[in-house]
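Shared between the two complexes below is subunit A, which has subunit B as its partner in the first and subunit C in the second.
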Partner chain A sequence: MRNRDVSFWLFLTPVILSLSLVVIIPFVYGFIFSFTNWNGLTASKFLGFSNYIKLFQDAEFVNAIWFTIQFSVVTVILLNILGLSLALIVTRKLKSSNFLRTIFFMPNLIGGLILGFIWQFIFISVFDDIGSALGIEALNGWLSTTTTGFWGLVILTTWQMAGYIMIIYIAYLQNIPNELIEAAEIDGANSFQRFRNVTFPLVAPAFTVSMFLTLSTSFKIYDQNLSLTNGGPHNSTQMVAMEIVKTAFSENQMAFAQAKAVIFFILVATIAIAQVYYNKKREVEM
Partner chain B sequence: MKKKQRDLFLVEILGLFLALVWIAPFYLMIVNAFKTKRGIFEGVLGWPEEVTTENFVDAFIELEFLQSLFNSVLITTVSIGIIVLFASMAGYALARNKSKLSNVILLIFVAAMLIPFQSVMIPLVSLFGMAEMLNRAGLIFMYLGFGCSLAIFLYHGAMTGISRSLDEAAIIDGANRFQLFWYVIFPLLKPISVTVGILNVIWIWNDFLLPSLVLGESSATIPLKMFFFFGQYTKQWHLALAGLTIAIIPVIIGYFFAQKQIINGVSEGAVK
Partner chain C sequence: MKGKKFYAGVASALLLSSVLAGCSSSNDEGSSSAASEDQVTVDIFQYKVEFKEQFEDIVKQYEEENPGVNINVKTVGGGNDYGSALKSAFASGEEPDIFNVEGPSVVEEYKDYLTDLSDTKAADAALEGTLESVTDGEEVHGLPYNQEGYGLIYNKTIFEKAGINPDDILTFEDLEDAVETLDNHKEKLGIEAVFALPAKEKWVTGNHLSNAFVAPEFNDNPLDAYEAETIAFEKGDEMKRFLDLQNQYSVQPSISLDYSQQVEELFSLEGVAMIQQGNWVYNAIYEMDPEFAKNNIGIIPIPVEGHEGSLPVGVPNYWAVNNNSDDEVIEASKDFLDWLYTSETGKEVVLNDFKFIPAYEGYDTSQIADPLSQEIYQYADEGKTIGWVFMGYPSAWTDNVLGAYIQKYLSGEMTWEELEDISQSKWEEARQ
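And now, the complex of A and B:
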């Protein structure tokens, strides 16, 4: 197939058209309008960088970024520990191995919005009930403070995504040749030593993949945030994605929200590119 | 050997314990959906003293469940159909055309994956609003735009495993490009089509933000309807939980029938 073949272009037309109209044009359009006083329909004035200057003085936005970063760091660490642990459990020759995989993976299939509502019930009603029954006051009012709201979101996301990360680790664990493990066993390595010196270095690439996935996913979380805490109390558990949606559609400040969205893009893209770069560098070494 | 068996047994117990923790939220949802308002007030942990199925009937009606299920099924299947068709065509064309231009096109598609939805959301809604395309057809077209990048990437990768001699043989037999693709290549891409389909089902079926910006209440999908429903019954957990249970049932049925393909599909998509 050559570039000048009609069929080459016919095969590409639908996707080029959709990508342009849905992603590329809106992206460019949005970037340009972030420098104006655009209200969603028309822009009458070019404002230069003033939207961008304003957003760094916007306490709510800065707070949302900070909250998102903290949330992502904690979630990425917990998810990788838990995902690897689950993978190590289900790759042993257990009778329940397939059943366990099915159960651990299940939350991923149900949308974040619905899962957030289910956990809202658990944090509000179930935790309260257990707290009163056992006299543990710390369990009461879980979604009504910033700290417990933070941990609520972490628990929800970790529970939801651990099965997904488990699948990634399983894929890499299964590639480890059995002979290596057996050889270590014959050499007298105990199970911890085998894990530390054989298994762990060989699943290291899985960590790169899952770190990329967990980091970029946790940075973009919206549904869980909306349905679990709705950003409360007092917008203190509001993450970046949600803050942008609110600025745009509840407060109707389109250009200002778009400037925030551009900063959001830069953050997400930087993380992704840094990750790919790091990944490549490691591949060369290995 | 004895010690090994005992270790394995302990791991199995640990695994089953974790599985219990994992399904506890679903258990609590279902068991409380069968309680009356009073029953929930008296305690959320126990078995319902007075079992009621009324909550489900009310939630089913209130969610207009058949209508929202129909909307979800329609939007998901049509979107996936066109993503699979058009992305496989594009992946094929780009893989068989070894030129600078096709490398650039592929790179643009891959690079587009870096753009988070929030960064295009506002102009997208504004532009499609002006074109009066904030409806189901517009939404499906948007899913093609957001979904085609990953799909093309996966199809492009899979094409390297399909020999060019098949193309040549079919052309000699008198097939044109479309026949060649449709009758020879597309069937060979079936495993990757399943992966693409599964990854997109999970995403599109559960998507909330985009439908909330594009669709009205009459064409709402299940997550969107669930959002409105939940807002209405915030303080009435018995109804809200019954609604959540109903909303999850189609997913659980699907998972039951296709768990192997789903887990394999996700694992392929994740590792590439």
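And now, the complex of A and C:
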């Protein structure tokens, strides 16, 4: 670490400058505003912690947090299982593996808003038509209840992100030395045992990375939520990010929303740090 | 190694200089615009996406006639988008000179920025009642865009086939009878259901539907609603009855039905006989089927006891002029708005290009372009109107409270009494 000469700092300046302009300074400002009655135009009063006290009594905010947590738990599990399975499929010596990789990754290239609208059409119109053609009641009226709205969001997010998580797992799977697998094979391990005892421990670092990614993304989801359900029916599928935007812009309580955002930040940061810490612990050295 | 360091130094110096250059270039622009001093520049920030092009055309025409004025128009789509974009514009110091205020709560919010427009010709010509929600004592803080109205838009052919005369539908019972007749002959008439109730759109239920039944309580005046400490739901039962009727005979599930399905898919393709909407849907229907739009649609009032045969008609938005702008810019802004609504050229454009129902006197209203607007204008002209009081509801009450709870009610997770109680307490909370 002796390279702290002029060029080191010169190279760093643009990044530090832009980072502080768009992230650090607004964050500090927002933190300060969360203690006032800021309405987006002026902040005339310092309120202390009253915004923070108020927000825990805000049923809608608490509901949104609860909904987001449930959603995150389900998507994190699903995404990692699916991502790893897809990765295992395409790392087999299949002729179509390159093609499959592309296909699986593709949803990730479409923006969340568009995806939301596409799936809205699928859930509402396509599901409905299939449901009435085959006489399956359960396919009718998707997105019109809280449960189907929840699963709609889960399906959408999983479909979109699984390919991305797959790529991470592929990278780690390909790093596993062949000798280890061969040795296990010679020792008489069947393919399930090989996976359980050799492959699985060795891709642990991939779990750390992809769990962090899936966790933080599913907590912060906004655009898919907005375009798929827009929080409906009756704001019951509204996630935290959306609830904050609503408080800020449609209820016009900027400072209150800012306080919610601070709490949200602390929540996500705590969970993510804890997750990385525990995952790191169970990684094994190769 | 030394050579490497040298290149690194040069490269970083270059990088830094390009960053700095990026910062300084804005200064150059500043000096170039200052060169043409006799020009007045007016920045307009408006919400109506539907008439963006027509509006820009008329602005160009105005600029040609008045070479000293330069007008920039920026349009951001309706609802929340506009509100938040406007707020960001103000917060960042890029304040527009002309912007839109929707009603009393926005007026209150931007109070310090609003110019008194009572000395404009347009304010003089504004129709009676249209300035109510932007008037504070003697001061007028906004000029109306236009008038809009809503009710039950119906399909004339289907009504004829079913043998129903729309003019006879005045009371709730009349409507109920008509709906039952339509429902009984669904197959013969080739419709999927009588109504398409888009409960997913909280503004359709929360704003419009409720407004018809709440307006009498606040004397049809948005300012009264704005000042009210509480809401009694005096006509709550009637509102429930009307909502239930629409829901019962609607394409299901109404709760995930949205605006475009309602208007474009179901009504325009003649899948339903009636929808609760306003004259703004005309263009959407026209795009789907011009023939149908021109000849086959009409509007009947929502039946409100004691106000039978009246349509809710109101001003959706107002033009405001920024008080912080330079005096000559304020003058130019007022002149432009006056010209737009009171000059002969302006009037022509407002009627024929914007397809507005004018909110000002002195228009040749026989020229109103579409049949829906024409009908609504007649109701307004005869004074058979209900006010648009939802402009005075607490901000976000319609969307986050009433509209959302109506969804909850329709999905059976809440009773009507609970809905009234909780909406009431949320109203009181917001007014504290």
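Here, the second predicted complex is superposed on the first by the 263 of 286 C-alpha atoms of A that agree within 3 Å, B and C clash if a C-alpha of one lies under 4 Å from a C-alpha of the other, contacts with A are read in each partner's own complex, and residues count from 1 in each chain.
Rule of thumb we're sticking to: contacts are C-beta pairs under 8 Å (C-beta built on N, C-alpha and C of every residue); 3 or more make two chains touch, one makes a residue touch a chain.
Values in this document were obtained by computation on a predicted structure and should not be read as measured data.
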item: First (subunit B), second (subunit C), both or neither touched by A:L143; value: second
item: Touching partner for A:G152 - first (subunit B), second (subunit C), both, neither; value: neither
item: Touching partner for A:P233 - first (subunit B), second (subunit C), both, neither; value: second
item: First, second, both or neither for A:E251, with subunit B first and subunit C second; value: second
item: First, second, both or neither for A:G83, with subunit B first and subunit C second; value: neither
item: First, second, both or neither for A:Y164, with subunit B first and subunit C second; value: first
item: First (subunit B), second (subunit C), both or neither touched by A:L41; value: both
item: Comparison of subunit B and subunit C by subunit A residues contacted; value: B
item: Touching partner for A:L21 - first (subunit B), second (subunit C), both, neither; value: first
item: Touching both subunit B and subunit C, residues of subunit A; value: 5, 7, 11, 14, 40-41, 248-249
item: Subunit B-facing residues of subunit A, complex; value: 1-3, 5, 7-8, 11-12, 14-16, 18-19, 21-27, 29-30, 33, 40-41, 86, 89-90, 92-96, 99-115, 117-119, 121-122, 125-126, 129-130, 133, 159, 164, 167-168, 170-172, 191, 209, 213, 219-220, 222-223, 226-227, 240-241, 244-245, 248-249, 254, 257-258, 261-262, 264-265, 268-269, 272-273
item: Complex contacts: residues of subunit C adjacent to subunit A; value: 5, 8-9, 11-13, 15-16, 19, 80, 83-84, 87, 90-91, 105, 109-110, 200, 252-253, 255-256, 395-396, 399-400, 404-405, 407-408, 411, 413
item: In the complex, subunit B residues that touch subunit A; value: 7-8, 11-12, 14-16, 18-19, 22-23, 25-26, 28-29, 32, 40, 43-45, 82, 86-87, 89-90, 92-94, 96-97, 99, 101-102, 105, 108-109, 112, 114-124, 126-127, 130, 141-142, 144-146, 148-149, 152, 176-178, 181, 202, 205-209, 213, 223, 226-227, 230, 237, 240-241, 244, 247-248, 251, 254-255, 259, 262-263, 266-267, 270-271
item: Subunit C-touching residues of subunit A, taken from the complex the two chains share; value: 5-7, 10-11, 13-14, 17, 39-41, 60, 124, 140-145, 230, 232-235, 246, 248-252
